[in-house]
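Listed after this line are the structures, all set down as structure tokens.
Shared between the two complexes below is subunit A, which pairs with subunit B and subunit C, respectively.
Then we have the complex of A and B:
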């Protein structure tokens, strides 16, 4: 979230597309209801199902799964052709005025630089024109045909309301009604809070879906505003925190791009990741990258990380090739992995194509499952009737199952979707011999360290030198770990402006990443968490819920990253002169000598408005991007592509170019491409979803939740039910080209058939929560059905739009 | 008058008990049988966060025992934390069932192994589990570790292992997991953020 949960109450319009917070995030959704009650805000929902969020909305419009970009493109077209944008904001705070390279083109559904064999783009034309002064060229009149504004206008002029109806199935008048609501927030003092979840991300165009809404919010001037923003309603209670710690390959903690095979040494590595400002006078905050990275190396390797050894740069493993979940399971399927560690994760249930995942796990030499519960994954080798038909005698994987503790049984922090880091206290010990995750990791690591110390082996140095100054080495405490994550001075830090002054003594905790250095004098495990545990103590444990501004900022409750800022880009909540666009909801304003207001300024505290330092300080251009340059894999402006399994034969936007039917830059493995089904055999669109009584594949282990929603069902519309002779309560079989599941038919008015390009298309809704382990009735894993393909940028699987057939059992 | 939630329960239950007994004609001092007090009045209250969705609702956990050494705590009740500015004491149907999650019949209690080709689990000690896993890991790492790529660039990577890291773990456990995995040379790791 750029904003936070309570801030939703400040909105004039709450727009939900790609989420269902009334059921999936009920206690956060009440802030949308609060906005309706106290501000007379409107709630607008676009979704394939008339879900419970839609049930309390002021307006609902249906959409075919997997066609969001056509809908968003239509909105952008509406805003531009009806002049419903926040002009000053767009001109100064976005890259609308920036000129784009003359070589950049979009033709027949493909951007310039496409390489069909590699299914990827050479992106050398997706860039700004650079002037002789070294800065990007701009045209503030927005008239130059090569400026972003004009290119965007041209690109989205193709998304007329009729086109939206043809692709999405949304009736034109319903689409236009949604546009009117959204356009009303282009007034400088009106805001829209945009809420989305997996309904937007779980597509082969997931990242571009979100890009669309970012563009719309920039055009409307809603970023940085109270009651505005792009608000991801995320999954687990600490999925934000684990993302911040970067428990995934591409980044090191704090979103520091991890080294890869192209980085032969520290200098090359830093050079590539330390951008130069693209416009004069901008903060270009990522220029501090070397300070964050060096401090991380010092946190991990302490005195063993020296200037002479490039601060242990060589000890960091270098990435080569894809390493996301799909890539990993594909490598495992091909027999390229020998071992796998599965901590608090149930991939047999949560990764697409269950058969492939099961076959992959069976090729491992050893699997280590660390979990509080007996998961489906831990028993992938065990026959569970028709739900898991396997022959254990033919599976040679050695499986270890280690009991971990649950939330109530350990202390430490969780970070919520609004980036607020909150301390939790331990209540009781876990059952039996179960241990905390950190303790299990420590046991395993210390054992390996002892073996390497005694016997040597492949590159023992990074193992032997990893900092481990925990009071009880076998049991690092969460307090010690959070202090390490926060960071400290390693030597006395002298004030660069006054050499007689010591800012921090050696060993003192630092209050903010502003004090980190790249010379090895500071250590910090995650720069964005610097401030969580300063010399003042544990700031995440603060529990003062007072709210003097009335905006719900509660600056003394927990600690939000970065630097306790609650609304990102908040400088943009004020005009060029520093006057709030809406003084009733002041987030930030210029006080004559500094920035102040009801948040921590997202700006150099004393940068004068006349210095023209723009609000998007994390970009080298200082402004928000309507054109994303070379950053995305599949284009600098989003374009509609059909899901990989589509009920249509062609992409209606590009009927004559089969290469542009589905995302041309999405990675598809050959065997998975062959496992796609076609509309001839699988005529219905399926979309997976979640129930309010269950959380993923986890609550099926809890008796009360199992009682509330005991059994797998499949939701179909009345019309389809009639066509297939299916009655509510009948057992039905759902097949995709990868397998089948069975469930009880629930026939509803909530999913209507839609007319798409002259063809009637039915959608079927499939809840995901069931499996063969748990307190619920044993059932099939829904991901037996789903295709093994993901988004082109981040490889999030396409769970929300694929093809199936149904029959009565 | 300042009182915390626990004291508030105590005062309320004492007041209720006292007044109703008095109404029946007993002197409070002489009453041997006390009217049943709220169970939570004697419980230890701990602040935590619901582990399910990212609203991350504040919860109050009530457990028996006073956290003294040798006293075994048992969680008897979980409810929303009214002080938390986001959920303000509310919980949804997922969070309202948290006690049943903590006490799930499928909680793992000790390390187990399923040997190759076997049809069942076998209980083992922590020591045996860690030793066997570490032996597998070291043998595989030593055999397959890549110090350099074919162009002579130092890559120091362990290509034959993968890991999935829990989003239900704390930041601190997650950080330690990342730190140790990277130190071992693991590059194939991922989390629920993507799935």
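Then we have the complex of A and C:
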């Protein structure tokens, strides 16, 4: 979230599209209800299903799964053609005025630079025009045909309300009603809080879906404002934490892009990742990249990381290709992986195409499952009737289950969707021989280290030199880990402005990443978490919920990254002169000599308004991007592409270009392409989702949750049910080109058939949650059905839109 | 046994006068249907606080589960899909005991002290005194009490009388994430409801209102409804609930006669017991009431 949970109560409009917070985030959703109760806010929901969020909404509009960009494009078109934008904000705080390279083009559904063979773009034209001063050229009148504003206007003029209806199936009047609600927040003192979750991300165009909303919120001037923002509702209580720690190969902790094979040394690596300002006087905060990275290397390798050895750069792994979940399981499927350690992850259930995942796991020599529960994955080799038809005699994979204890059985932190890091205390001992994850990993590490020490190896240094200064090496404490993540001074840090002054003595915990250095004098395990455990102690354990602002900012409750800031880009909540757009909801204002208000300024604290330092300090241009330059894999402005399994033969936006039917830049493996079904055999659109009664594949193991929602069901509209002779409570079989599942039919008025490009399209809703292990009725894994393809940028699988057929059992 | 700080207002089949000295506040639970998201946290909290676990059932083609109130499910969410003037609504109502000011169950109950009404308005079943006759089921205008097949005792929501006795809100109210379940004095709850109703009217629900039916003397569980003129849209919430006329007669005007009759029955039973051994209590009366109910 750019904002935070409590801040939703400050909204005038809560807009939910691609999420279902009443069901998936019922506790956080209280703030949407609070906004309705106390601010007379409106709640608007756009979703393929009339869900439990829609049940309490002021307005609901249906949409065909996988067509969000057409809907958003229509909104952008509406805002621009009806002049419903926050003009001053757009002019100064976005890149609307920036001029784009003359070579940039969009034609027939493809952006300039497309390479069909590689399914990727050369992005050399997706750039600003750079002037002789080295800065990006702008036209503040927004009239230049090459400026972002004009290019955007032209691009989205193709998304008329009729086009939206044709693609999304949303009736034109319903679409326009939603537009009116949203447009009302273009007034400088009105805000929309935009809530989304996996309904937006789990598409082959997931990242561009979110880009659309970022553009809309920038056009409306809703970023940085109380009650505004782009608010990703994270699933697991600590999934934000795992994202921040970047337990993925592509990133190092704190979203530092990981080195790859092209980075031959530290200098090359840093040069590529340390941008220069694109406009004069901008903060260009990522220019500090070397400080964050060097401090990370010092946290990991301590005294062994020296200037002479490039601060241990050579010891870091260098990526040689894709390492996302789909890539990893595809490699496993091709027999290229020997072993897999699976910690807090149930991939047989949660990765698409269960058959492929099961076959992949069967090719491993060993599988280690670290989990508090006996997961479906840990029994992928075991026959469970028709739910898991396997032949164990043909599977050689050795499976080790290491029982971990649950989050309540050890101390640590949770980072919530609003980036608030909160300490939690142990409440019970784990059962049996279960251990903390850290203890299990420590045992593995110490064993490996002993083996390398004894036997040597190809490259023993990264293991032998790793910092491991815990009081009990076999059991690092959560407190020690958080202190290490926070970071400290390694030598006395001298004030650069006053050589007689020592800012921090060697060994002292640092209060903010502003003090990190790139000369090896500081260590920090994750720069954005610097401040969580300062000399003052564990700031994540603070529990003072006093709220002088009345806005729910509660700066002394836990610790929000970065630097305890609760609303990101909050400088943008004030106009150029530093006066709040809405004085009733002041987040930040210029106090004459510094920035102040009800948050930690997202700005150099003494940068005068007349210095024209723009609010989006994490971009080298200082402004929010309506045109995302070369950042995205699939285009600088979002375009509608059909899901890879679509009920339509063509993309209605580009009926004559088959290359532009589905995301041209999404990676598709050949065998998965062949496993796609067509509308001829699989005429219905399916979408998967979660139910409020369950959490992923965990709570099917819990008796109470099982009582609340005991059995797999499938939701179909009344019209389709009638066509197929299915009644509520009947058992039905759902088939995709990858397999089948069975479930109980829930026949509902809440899913209507939609007319798409002159054709009637039915949507079928399929909850996840069920499987062959647990207290719920034994069942199939829903991801038996889903296609093995993901977003072009981050490869999040397309769970939300694919094709199926149904029949009564 | 009365809970500390909860004075008894009336006991079933008892003529002993109730205590009068202390003044306690009349309480109420307010269920704001317009803020309810059907998350079933209330069902879970109820199960956990009261240590009851129903069976893991099946899906019956709807979101409701368990499908009905049972001796182990004292509250359930009832989901109904309706289309009013072309607009689809998914009305979700938390069902359970309404804690009537004039409780039909208590009136109908022949077992001394099996049903208690506290001075604060809570109607509570004391299962140790329950004879399992089922009159409370017949007496209830909301079809709430359930007789256990295991122990032949009647069960229903206690409004967490044990929590309320120590100034805690009922478990369901504490667990509700959206504040759809509010708890406090009946007066405060009515004030709160009035604000919610104003808000709903501003949002176009012209018939929004409070459900606090006079036919049972008002209730200590009330609903804010968007369509207060059509309570039956909410999975059959009674439009004008009232106590079955026979129960009203049985324990109302003819009570002295009824007591005499009961004494007669008791004598008869004694005779019966002496002559033929133990038997179920008051079969004749039960049949009579059932016959009346069926009409």
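Simple rule for what comes next: the second predicted complex is superposed on the first by the 809 of 809 C-alpha atoms of A that agree within 3 Å, B and C clash if a C-alpha of one lies under 4 Å from a C-alpha of the other, contacts with A are read in each partner's own complex, and residues count from 1 in each chain.
In this section, a residue touches a chain if its C-beta (ideal position, glycine included) is under 8 Å from a C-beta of that chain, and two chains touch if they have at least 3 such contacts.
Source: prediction; values computed, not measured.
**Q** A:711 in the overlay: touching subunit B, subunit C, both, or neither? Say first, second, both or neither.
**A** After superposing on A, A:711 lies in contact with subunit C but is clear of subunit B.
**Q** Give the label of whichever partner, subunit B or subunit C, reaches more residues of subunit A.
**A** Touching more of subunit A: B.
**Q** So, does A:403 touch the first partner subunit B, the second partner subunit C, both, or neither?
**A** Touch status of A:403: first partner only.
**Q** Applying the document's definition of touch, where does A:247 land relative to subunit B and subunit C: first, second, both, or neither?
**A** first
**Q** Looking at the overlay, does A:748 come into contact with subunit B only (first), subunit C only (second), both, or neither?
**A** It touches subunit C, and subunit B stays clear.
**Q** Can A:727 be said to touch subunit B (first), subunit C (second), both, or neither?
**A** Second partner only.
**Q** For A:54, select first, second, both or neither according to whether it touches subunit B, subunit C, the two together, or no partner.
**A** second
**Q** Looking at the overlay, does A:33 come into contact with subunit B only (first), subunit C only (second), both, or neither?
**A** So A:33 only meets subunit C here.
**Q** With the two structures laid over each other on chain A, which partner does A:766 touch: subunit B (first), subunit C (second), both, or neither?
**A** In the superposed model, A:766 contacts neither subunit B nor subunit C.
**Q** Which holds for A:775: it touches subunit B only (first), subunit C only (second), both, or neither?
**A** both
**Q** Using the superposition described at the top, list the residues of subunit A that contact subunit B and also contact subunit C.
**A** Touching subunit B and subunit C on subunit A: residues 26-27, 30, 692-693, 703-704, 708, 775.
**Q** Which bits of subunit C are touching subunit A when the two form their complex?
**A** 34-41, 43-44, 47-48, 53-63, 65-66, 81, 83, 88-92, 177-180, 196, 199, 202-203
**Q** Under the definition above, what is the set of subunit B residues touching subunit A in their complex?
**A** 44, 46-58, 61, 63, 65, 72-75, 78, 80, 83-87, 90-98, 100-102, 104-119, 121, 126, 129-134, 136-138, 140-142, 144-145, 147, 149, 151, 153-195
**Q** What residues on subunit A touch subunit C, complex-wise?
**A** Residues 22-23, 26-27, 29-30, 33-34, 36-37, 40, 50, 52-56, 58, 60, 692-693, 703-704, 706-713, 727-730, 743-750, 775-777.
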